[in-house]
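Here the structure comes first, spelled out in structure tokens, and everything after it is commentary.
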Amino acid sequence: MPERRELRGVFAPLTTPFDSDDHLSLPRLRQNLARYNATRLAGYVITGSTGEAILLSWAETEELWAAVVEAAAADKILIAGTAAETTKETILRTRRAADLGFEVALVRTPHYYQSQMTPEVLADYYHRVADASPIPILIYSIPQYTGITVEAPLVERLSEHPNIAGIKDSSGSVQRAAELVSVARRNFRVLVGSASTFFAALMVGASGGILALADALPEACVELYELSMAGKIAEARALQERILPASKALVSRWGATSMKYALDRLGYYGGPVREPLRPLGEVARREIDELLAAIQARAAK
Amino acid sequence: MPERRELRGVFAPLTTPFDSDDHLSLPRLRQNLARYNATRLAGYVITGSTGEAILLSWAETEELWAAVVEAAAADKILIAGTAAETTKETILRTRRAADLGFEVALVRTPHYYQSQMTPEVLADYYHRVADASPIPILIYSIPQYTGITVEAPLVERLSEHPNIAGIKDSSGSVQRAAELVSVARRNFRVLVGSASTFFAALMVGASGGILALADALPEACVELYELSMAGKIAEARALQERILPASKALVSRWGATSMKYALDRLGYYGGPVREPLRPLGEVARREIDELLAAIQARAAK
Amino acid sequence: MPERRELRGVFAPLTTPFDSDDHLSLPRLRQNLARYNATRLAGYVITGSTGEAILLSWAETEELWAAVVEAAAADKILIAGTAAETTKETILRTRRAADLGFEVALVRTPHYYQSQMTPEVLADYYHRVADASPIPILIYSIPQYTGITVEAPLVERLSEHPNIAGIKDSSGSVQRAAELVSVARRNFRVLVGSASTFFAALMVGASGGILALADALPEACVELYELSMAGKIAEARALQERILPASKALVSRWGATSMKYALDRLGYYGGPVREPLRPLGEVARREIDELLAAIQARAAK
Amino acid sequence: MPERRELRGVFAPLTTPFDSDDHLSLPRLRQNLARYNATRLAGYVITGSTGEAILLSWAETEELWAAVVEAAAADKILIAGTAAETTKETILRTRRAADLGFEVALVRTPHYYQSQMTPEVLADYYHRVADASPIPILIYSIPQYTGITVEAPLVERLSEHPNIAGIKDSSGSVQRAAELVSVARRNFRVLVGSASTFFAALMVGASGGILALADALPEACVELYELSMAGKIAEARALQERILPASKALVSRWGATSMKYALDRLGYYGGPVREPLRPLGEVARREIDELLAAIQARAAK
């Protein structure tokens, strides 16, 4: 077994390219990856929330995974979103991702039966998946989509498992990030999911981020990480402040829809979202155009 | 095309029987149906939330549907839960249910990308599904699991579609039920999903209910419906009050888990729930035992 | 001590009239009361939420109370809102209301320190106030303003106190109303605070309502009560449906502000609200004008 | 008019000492102030949420204010909580505080009529108070008690007023703190109310904090501020982590109740809280004892 690479830095949770007939477009995927490969991103997450994972068939998922493994640069850590609603299906998918060459699995909380997803049920779920997985897993807590928050006492317990490598916490709460860092065992990694509070989360001990914003602005996100790690507080804060409006508009408000629109404007391939998701309206498109223009004007200076 | 039957009365959203190896058990299903067939239930919902639909594979779903169509009495209206997260998959499933002989499709709101499920997106989704469906559809609003509530203005609009027959509203709000009745076109049916407020919902104009409680206590639920429709207010209210604790314990608090436990105690087949769901704890089991004993003592008088 | 009158029927929680200089206007109060006295309202609540109680000084409160006692017809039950944030101040006010001739005190939950208002703290509070009060008290639960809901288990306990006569539950939940009726001792009264679900609440056993809508439409509210009590279900339901839009627009959305505007349009005195509350905007005014025109057109038929 | 002092650093929102008969105890207040005067606290807030302001009569408030002005050291900035529910009463109180010698007024959002407290209403309220106040005011946003959050767009607008000096944001959200810093004019101060995220808030540009925890642990809070400002990130983060459990236990969970208990254990005067608040239970007391013992053990090393 190869040595585990450190889960540090900025990971981009890639969008899934569809063509105009709503089919997976692997050429477009490779085209995007060629550009991402040239950045200092630490790795990629495939089939996460930004990747419209929940809208893909299993056949599409496997096809996508195989293509990413082939096209990604060797220095990028590959993480597959492998969660299904049942324990056994999650295990099957996680094993398949490992077979294909993924280094880590990102496992979202099961969530449909919200009121029954007690800490005990979740602990049991993650233990079983981690026991059965050939690769380390990351817990994935994204309350805005699932209604479920993985809190510090559960993380404290789960961090003891040798095959649970960390958590992606998308709550946006810096206090929670700090608590997770504080309760977890030493080499458990806290990655945050919100670019809006990335700088502050790094200050309180997060190891990095899986940031949808890095799909559109990988260099800025990486720079924010590097400035923060280098202790250049004033510059990091200023960059964080510049990034905030884009993070809110491209990620928090319209998710994959606005992200794909922005990618198209930035020379990546975005393409359509899958229904029931709908293309961005005129007002939102104009708002994003202005935002991107402002960012590029600043970068040009 | 046969004449549409009225969506009135009490429908039972059936549990899905698994054997001890976590496989579908069609013999157990038939055994339960034999008993339900002898009641005055108006029909059955298969692969709803109580049926652990979200935990079934597509192959299991088809197998289950076929078995129900075969085993159900002819006077029961059969409703299949057909929602997937994508529009096209929902349409495929709805067509398959129609092919197999289901009379109505129950279509839960897509929900993972909650913040993007605006009334416009939902309207578009339901229009497309209804346009493509050979059988009438019911909108399914269950905010406690999806985070999404279908509100009256959207229902007003959707009720105009000739192939949208009604809504199952599981919010438990009697005010909402009254509003839905008030805004919808005349032959649009409002079915509620909460036995706890069934009597009041009928009083404000609901046509019936899809009541998980009817899995365990079909006769009591049907009696409550009939007393309410006959204007026997005092008796209906008294029965509603007797039913309330069972509804809260068997349905609201632990969902399919407690329902299956109760079914086992009542001579139906309940059996295990599928992981990550977990068997009921000792305290909850004892509470339900006492509840059922009280109900049976009263019935024996 | 005179015999207690039954807390049944419709109570109007009166607005507090201010003149254009923001002073209490007792003449305007008497003018309104003269009209209300001629209705079949069961009584009045003074200094409730609709009465802008929280915006009045103690001197104004006493002045208002005295004036109401003088001007109200003898057949009306008078209820004073007497809650302050401290236990001792609530007791002082309750005693003063009793001295002035009020028959019942309506005691809102203390609420600023929300997270500390546990059932134990609230039980203790209500016991102390009830022990010290010369007149029976009503618990007042209004979560939309206080963030605190008085739930059934606490009501079960409090209903044992001989000086706690009932509860005003403004949550709008018919299930809660049914539960409160079910758990409380026999002569404990459940009055609801929402005209939008008044009919359904009466069906499940509520004794009546303290309905802000009755300030503007006392006759319709009383008629809804009487039809419901007489078992005229179809007529009651139809009237409930007619009342619903007015209840939402005049009460739920803009509170005292829209109520005072409507009163002015209906020949009562509404007058200004007190700052920081602000007069209704143009759009809202027009919406209410249309609503009232529709109601009057129907009444004229 | 003297030059305005900078609102920077750590402010302690003082508890209000009551004796065993529930009367204000000014000797106890002076005793506490004597100790606080010897710290590097930037100033004091009197009659804030921790000071049980909402439970005090106006006469008590004035008495307390006068005593604090007399007993506080000259280098401490004095801030009075002056909010009432009406605009005119808030103005009266603010003027009185200025007369007595307070340098700044802390003005909580009016909140009882939550749904009507729109940004427009709040803007109007703060403008009127600021226009009428002889001293600069601080906006006070504390959603956990009021249900109302003052968001960035409103702050952007209010920060233009020359007599609105800043905001105390008690939401605990570091993202909001960052946004407030970003949108406000240059010399508008963002003070946070949560010691749990103080370090992160300072990193994103907050000027300081009004921290209840500083009542019990003023030196640690001041040290955290100074380390953060000096760019000693690792030490600041470590101290933040040590402070977190105390902040949650003494402030977030039981408010003034646990704070007064802790003060008694630490040699300050805490004394009883006022009813309906109740003394801390046995379990909570023991938890706090252990917490304080751990802190003192560490400090002794």
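Read from first to last, the chains carry the letters A, B, C and D; within each, the first residue is number 1.
Going forward, a residue touches a chain if its C-beta (ideal position, glycine included) is under 8 Å from a C-beta of that chain, and two chains touch if they have at least 3 such contacts.
If you're wondering where the values come from, they're calculated on a predicted model, not measured in any experiment.
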| item | value |
| --- | --- |
| Chain labels contacting chain A and also chain B | none |
| Most widely separated chain from chain A, with each centre as the mean of CA atoms | C |
| Intercentroid distance (Cα basis), chain D paired with chain A, Å | 37 |
| Inter-centroid spacing, chain D versus chain B (mean Cα positions, whole Å) | 51 |
| Multi-chain contact residues (two or more partners), chain C | none |
| Touch relationships between chains, expressed as pairs | A-B, A-D, B-C, C-D |
| Complex interface listing, chain A residues touching chain D | 172-175, 178-179, 181-182, 194, 196-197, 199-201, 203-205, 231, 233, 237, 240-241, 244 |
| In the complex with chain B, residue positions of chain A that touch it | 22, 49, 54-55, 57, 85-89, 110, 112-117, 120-122, 124-125, 128, 144-145, 147, 253-257, 274-278 |
